[in-house]
């Protein structure tokens, strides 16, 4: 170190060398920037002693089995999306319900954090020997499509929209026909008119599959809700951390969110400029559309409440928690 | 032990197991399991590998594989193969090396309904080889033609191996299938040129065919409609975006099934064909399982990242590295089985290739071509083994000898693929 | 000894063949499902809900049901460069080694798959679109791996017997030759 003038003199947080393997899938993208931020923060404060080794490409596990890998202790941390396997963590699925009133990332992560603290949710992660650290944020869904722009409720009748889960129910409520295809097939289907539109996280998912090149319209801040994913650690690995690392991890989370949100904002700014240049028509939310969506989403929320209640969770209480926290989060802004 | 060293040892152990005759699937899984036991612990090794047989079978994109394989066997029973050969013979029989030329044409036609190169070779060893011999063709040339013609099946869609490549490296299967058509046709043309040149140099190898009347030629055409139906559905369905690759394969299977039923396929044949299809499907999936377990182990060692950094930062022009990779595959292809070879090397080679800025779709085509050269080169050339397996009276050496002139053609084809990536990407780019 | 092995072979063979035939029929079911999806979408503007979920579970079943049958016909690709050059005891020794490696792998996979089943049974898990529970598929895979382990154990026993009496014929190793021409994957 004597010959390396660039090296930090001493770490801000002293501690042993710890290396965590983190199981991720796909390539580095907006969705993974939160973990990237976490990794940078920890490395900086410990002078590289607390290292997160991010394993992209699903080499350690497919996304559907990340939570199994955590229970096995195969890796120390992973991103887990309950959406891929609802019944593995039914209570956490509450956060992935469609059309939750969480219009901003800040509102999302505040509500997610409070929710994950609830004892019933905690118990659920305990079953998998997993400890949630933070959420991997995903933007709200919008619908983008080509052909005649659906400016009124009646225009949605018969439109073929690729949507899954709760979003499929929302599309049905508008009179559209939902279907689900694998992501790589969507571009082609949209181009040849097999489908008229796609409900996806806005903006980045549309641009990564280049759907915007084909499209003529996009819904304007409908905030159809999104899916919640959790960055979780294996509980034994977490407990084995020295106290100063546990504290540091907690301290790193806000910085990691800030990093991810900044990354999304940068991506969105560039994308919005491109959408502007392409002349995408923005479809405003009308009152009757809003009413139709709300009418449709309530039964789907209720069916989640009934489902988890039958599994022994306090369904209504959990749902009310989401709603009250969402209200607080929005009021606080 | 240092994980990177353990990674290299794992690769060495795997090669050893494969060479002494352990099936590729088990060899890869065994190395991966033992490696994970050493690197983590046995709970992790057992738990992680135990998920794979379930998780890596239930995969939407891989569902084209059993369908592609079913199409191949039904096509044979629907008489499509025989009629394709008959039509090709009537149309091009008068050309130099006419029956050999017809065999290549018919192989290309069969390639359009078969996802697999050994199947294609097996069919034409039974169908075309005896006919060529009966007309006084040199048996080495005839054997070489059926062995090489079979390889067209891997490029011309549908192609099972391109699908597997697409899944492993997360690229669009639809684009890969479209990309295979042009190099498949180029390969066919080069094989025809090789036959013409060889026969011109030694006319004794292939006597001329008697002429056929024009009416007879026309009459032969409707019989090949089955081939066109399948090609039309698969390419058209994917290209027009009406269907996913799985869906177009499903529809093509249904069409061929109806045709086979019209030809009154027997229950016994049907039964045997189904069992064959299952066996082949399972064989592919077990290799996938084994390799996925091995990949988990490699990820724990950190080896792929290290190798990628090494290759990408080599201080040589990128074409030198590409040339090195091509030569490596040609050498490995001499002794290794193609599917296993591809899957075992991709986790390390693919990141390096994309790191160097090469197009992943284009590389898939190049890789499949290299693998297909491997199935006709000695000492381990699966297609040549198939010819020799069905016709033990033709020695393996003779089959390899018959393939030799085509290998010069293969070098030429590889050159075209490397030199003109735009030509390879023509169809997939049209899709956008 | 030989008689016992051959009786067991016959019994296992019946189960394997039956399972493989079901797998074959599942391929036809897969074909019908995707055709229905295309027709539904094209003609009636109505996609089948959860078709991806169904296709994935069908794939699990049709692969699992064929694995023991495939091994009974030595359908797994391998390099025979060395083993082809071995004769007599050396040949059966090399076969025994390959089978022992395979048996080790499959026993581990069976155990691991059983643990996977226990997790899905105790902790839950279902498919995203229409909520098909995961445990039946995982249980089927576990049983199929168990059947494959039995097949490999039987083949190992036969290889051991032939190691003792290399001159003896064998029904179990009778027809590996037909495996090569029907391995059409490339």
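For reference, chains read A, B and C in written order, and residue numbers begin at 1 within each chain.
FYI, contacts are C-beta pairs under 8 Å (C-beta built on N, C-alpha and C of every residue); 3 or more make two chains touch, one makes a residue touch a chain.
All values reported here derive from a predicted model rather than from experimental measurement.
K.L.:
Can you tell me which chain pair comes out on top for contact count?
P.N.:
Pair with the most C-beta pairs in contact: B-C.
K.L.:
With centres defined by CA atoms only, which chain is the most remote from chain B?
P.N.:
Here the answer is chain A, farthest from chain B.
K.L.:
Where the CA atoms of chain A average out and where those of chain B average out, how many Å apart are those spots?
P.N.:
Spacing between the chain centres: roughly 40 Å.
K.L.:
What whole-Å value do you get for the distance between chain B and chain C if each is reduced to the mean of its CA atoms?
P.N.:
23
K.L.:
Starting from the mean Cα coordinates of chain A and chain C, work out the distance between those two points in Å.
P.N.:
Roughly 38 Å, centre to centre.
K.L.:
Which residues belonging to chain C are in contact with no fewer than two other chains?
P.N.:
Counting only residues that touch two or more other chains, chain C contributes 52, 116.
K.L.:
For chain B, write out the residues touching at least two other chains, lowest number first.
P.N.:
47-48, 51, 60, 242, in rising order.
K.L.:
Out of chain A, which residues touch more than one other chain, so two or more?
P.N.:
Each of 68, 181-182, 194 in chain A touches at least two other chains.
K.L.:
Where on chain C does chain A make contact in their complex?
P.N.:
Against chain A, the touching part of chain C is residues 41, 45-47, 49-52, 116, 119, 122-129, 131, 133-134.
K.L.:
Quick one: which bits of chain B touch chain A in the complex? Just the residue numbers, please.
P.N.:
Touching chain A: residues 40-41, 43-44, 47-48, 51, 55-56, 60-61, 170, 172-174, 238, 240-242, 244-245, 295-296, 298-300, 302, 304, 347, 431-432 of chain B.
K.L.:
Considering the complex alone, what residue numbers of chain C touch chain B?
P.N.:
Those in contact with chain B are residues 17, 20-21, 23-25, 27-28, 30-35, 37-38, 42, 52, 55-60, 62-67, 69-70, 73, 75-83, 94-95, 97-98, 101-102, 104-106, 108-116, 137-138, 141, 145, 177, 180-186.
K.L.:
For the complex, give me every residue of chain A touching chain C.
P.N.:
Residues in contact with chain C: 68, 71, 83-88, 90, 127-128, 158, 160, 164-165, 168, 177-182, 194.
K.L.:
What does chain A use to touch chain B in their complex?
P.N.:
21, 26, 53, 55, 57, 59-62, 64-65, 68-69, 72-74, 181-182, 184-185, 187-194, 210
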